[in-house]
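Given below, in the form of structure tokens, are the structures.
There are two complexes below, and they share chain A, which is joined by chain B in the first and by chain C in the second.
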Partner chain A sequence: MSERIRIRLFLAGGAGLAALLAWGLAGLPAFGEFNGACALLINHVVVAQRHATDAVTAVNFDYRALDTLGEEFILFTSVVGLAVLLREQRSERERPPARASEEHRFQGSSYALRALTLMLVGPLVVLALYVDSHGALTPGGGFQGGVLGAAGLLLVFLGGGYLTMRRLSPHALVELAEASGAAGYGLIGFGGLVFAGVFFKNFLGLGTPGELISAGTIPLSSMAVGLEVTGAFVLLWSEFLDQALIVRHR
Partner chain B sequence: MSELQAGLFVLLALGGPAVVLMRDPLRQTLMVGVYGLALALLFFVLQAPDVALSQIVVCTVAVPVMILLALAKVRTHEHESHDDEQEQRASSRGDRGR
Partner chain C sequence: MSVLAYGTAGWLFLVGLYGIVSSRNLIGMVICLSIVQSSTYVLLLSIGYRRGAAAPIFADIPPGSRAVDPIVQALTLTDVVVEATVVALLLALAVQAHKRFGTLDPNELTPLRG
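The block that comes next holds the complex of A and B.
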């Protein structure tokens, strides 16, 4: 294809795209206009119905818990697929750094930086547990807390080196956390089927709104999802780190 | 629309092209993180803290780490093949010498 034809093709396509965009933008509702009838309804009834003060988490783990199950297993299968894809292949071998001093690959990182990252590990893990367990009360929930927890372990790698992180989170343990988190969430759904007759129906006592243990199964679901997401992200990063730092071609 | 929201929209409108136009993958990764943080701030300002939390951790931590590690892998791979070539050249030279 000659350059002139290509430019003409681009001009025609670009003009079409611009026209469609202008047409679409002209039909948009005004900024801040909101027509979500369901959202308004749920905002109105969520505290009375589910005793949860964060409507978003209540929707995720109760009103549409089945969708969340699907999302869980999307994450689960994609991380498993990644682990299969990045496994050690026949033409590769593991070559851990020979000396401990070689292990820290961030040349030029100061002691202050390493100390600060290590100091942040504890607070970050506590924040993750807080976000996990307070899913029904404040913004946040299993997914957000889960990634925060995984980020805490990543800080161990940044501050202390990869082998330290691997010692803290061996693959078998991470895989177990991911699998049991995913299975736990599914089991909560089956609990609804067994105890209340409907898959994922909230079958536990709802408690007092605003207390830590309230809103029935929502905090449990949140913790299970948090465990799964932490495992998934740590596994994902470990596979990438293995590839980047340890696995070499024969 | 408040000034804060308008400012963040402008920041995002500038940040997107900045990510695309930055040609060095390393800088691009860092820019994606900054862009993601601005997007998280916008979500927060638009009263969606749940989405903002996910956005912060995914776009400023999870995705950049994955891209950076992939870049590191590509670089070690290049180093290795470079070393191999040098070794081969050295050995073939040695053969000729003999």
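The block that comes next holds the complex of A and C.
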């Protein structure tokens, strides 16, 4: 099929889809006027019931914790799938540069840029831990903190070079972090089953709302997911960077 | 205001689809798919908005204050994670396609070659 015919076909189908979309969207409640019963309920009871002040994290890691288990395993399996897709092919071999002078650097990085990015690594990792651990209190949680932590390691690549990043985060360690984060979150679910009789029931003491150690299992779940997400993203980026920098055709 | 909020979502969806159909580069195609997916974030967050309401964080406002819908925000978070994984997998497939066919143009990828 030639490109012109394909685009014409799409324009015809797209016009129909646009009409259907407009029809469907017109049936939604007006912008700003939606009053979902569940949302109202959760906003009213979340602090009293779960002692968490961030309703979004409470939904993710408590009310809807089972869905988050699924979401987490989507991330886990897709990173495994990516590692399988990008494995060493028969016609390829990995060739890490032997000398430090061959270190792969981010193209165009100047000394000042390298110094600045390396200076940002520490604060970013601290921010990641903060966002991970305060998920139940303020905006944030495991997914956001996990991506921040992975970004901290990516900065090592941008500032220091790829081999430095790989030394700091060897594949085996990153895989272990990802797997134990995923398993940890599942174990918290089993904890609910064992100690409270319901899978993913919040089985720990709830503490005082607003304190760091409060809201029962929510901060623990958040930390476990944060570990998994950091591992998953670092592994994902390393696989792509391996393709660009290390893997060579025989 | 409804037209603007929901219209943005619909527009992003259709523009992204057009990009997928007309793209001549697999990586561009993946980016277009992520634009299609980002229309769902706009739609979810627009539905959850309540006029004059605060964020659903009750750290410094009293519990039960008028706040936007936390459930669609949690759904959006799931959506973002799924999008990241889909994009990563498709980009890995693009890497392999480039290795096998030596091109990223989807028109050149014929089933008989390789």
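We take it that the second predicted complex is superposed on the first by the 221 of 250 C-alpha atoms of A that agree within 3 Å, B and C clash if a C-alpha of one lies under 4 Å from a C-alpha of the other, contacts with A are read in each partner's own complex, and residues count from 1 in each chain.
Assume a residue touches a chain if its C-beta (ideal position, glycine included) is under 8 Å from a C-beta of that chain, and two chains touch if they have at least 3 such contacts.
Because the structure is a prediction, the values reported are computed rather than measured.
Peer 1: Quick check on the chain A-based superposition: chain B and chain C, clash or fit?
Peer 2: Fit: chain B and chain C sit side by side once superposed on chain A.
Peer 1: From the overlay on chain A, compute the angle at chain A's CA centre subtended by chain B and chain C, rounding to the nearest 10 degrees.
Peer 2: After fitting both complexes on chain A, the angle is 50 degrees.
Peer 1: Go through the superposed model and pick first if A:Ala48 touches only chain B, second if only chain C, both, or neither.
Peer 2: second
Peer 1: Which partner does A:Leu154 reach: the first (chain B), the second (chain C), both, or neither?
Peer 2: A:Leu154 contacts chain B only, not chain C.
Peer 1: Report for A:Gly210: first if it touches chain B alone, second if chain C alone, otherwise both or neither.
Peer 2: second
Peer 1: Given the touch rule stated above, what does A:Pro139 touch, chain B (first), chain C (second), both, or neither?
Peer 2: A:Pro139 contacts both chain B and chain C.
Peer 1: Of the partners chain B and chain C, which touch A:Leu168 in the superposed model: first, second, both, neither?
Peer 2: Neither partner.
Peer 1: Counting residues of chain A in contact, which comes out ahead: chain B or chain C?
Peer 2: Touching more of chain A: C.
Peer 1: By the touch definition at the top of the document, which applies to A:Gly14: first (chain B), second (chain C), both, or neither?
Peer 2: So A:Gly14 only meets chain C here.
Peer 1: Kindly classify A:Gly32 by the partners it touches after superposition: chain B alone (first), chain C alone (second), both, or neither?
Peer 2: It touches chain B and chain C both.
Peer 1: By the touch definition at the top of the document, which applies to A:Val80: first (chain B), second (chain C), both, or neither?
Peer 2: A:Val80: touches no partner chain.
Peer 1: Looking at the overlay, does A:Leu118 come into contact with chain B only (first), chain C only (second), both, or neither?
Peer 2: neither
Peer 1: Look at the superposition and give the distance in whole angstrom between the closest pair of CA atoms, one from chain B and one from chain C.
Peer 2: 5
Peer 1: Chain A residues touched by both chain B and chain C?
Peer 2: Shared contact residues on chain A: 31-32, 54, 56, 139, 141, 143, 236, 240, 243.
Peer 1: Within their complex, state which residues of chain B touch chain A.
Peer 2: 1, 49-50, 52-54, 57-58, 61-62, 65-66, 69-70, 72-73, 76-77, 80
Peer 1: Name, in rising order, each residue of chain A that touches chain B in their complex.
Peer 2: Its residues touching chain B are 31-32, 54, 56-57, 131, 139-141, 143-144, 147-148, 150-151, 154, 233, 236-237, 240-241, 243-245, 248-249.
Peer 1: Within their complex, state which residues of chain A touch chain C.
Peer 2: 3, 6-7, 10, 14, 17-18, 21-22, 25, 28-36, 38-39, 42-44, 46-48, 53-56, 58-60, 64, 67-68, 71, 74-75, 78-79, 81-82, 85-86, 89, 137-139, 141, 143, 210, 236, 239-240, 243
Peer 1: Of all residues in chain C, which touch chain A in the complex?
Peer 2: Those in contact with chain A are residues 1-2, 4-7, 9-10, 13-14, 17-18, 21-22, 46-51, 55-59, 63-65, 67-74, 77-78, 80-82, 84-86, 88-89, 91-93, 95-96, 99, 107.
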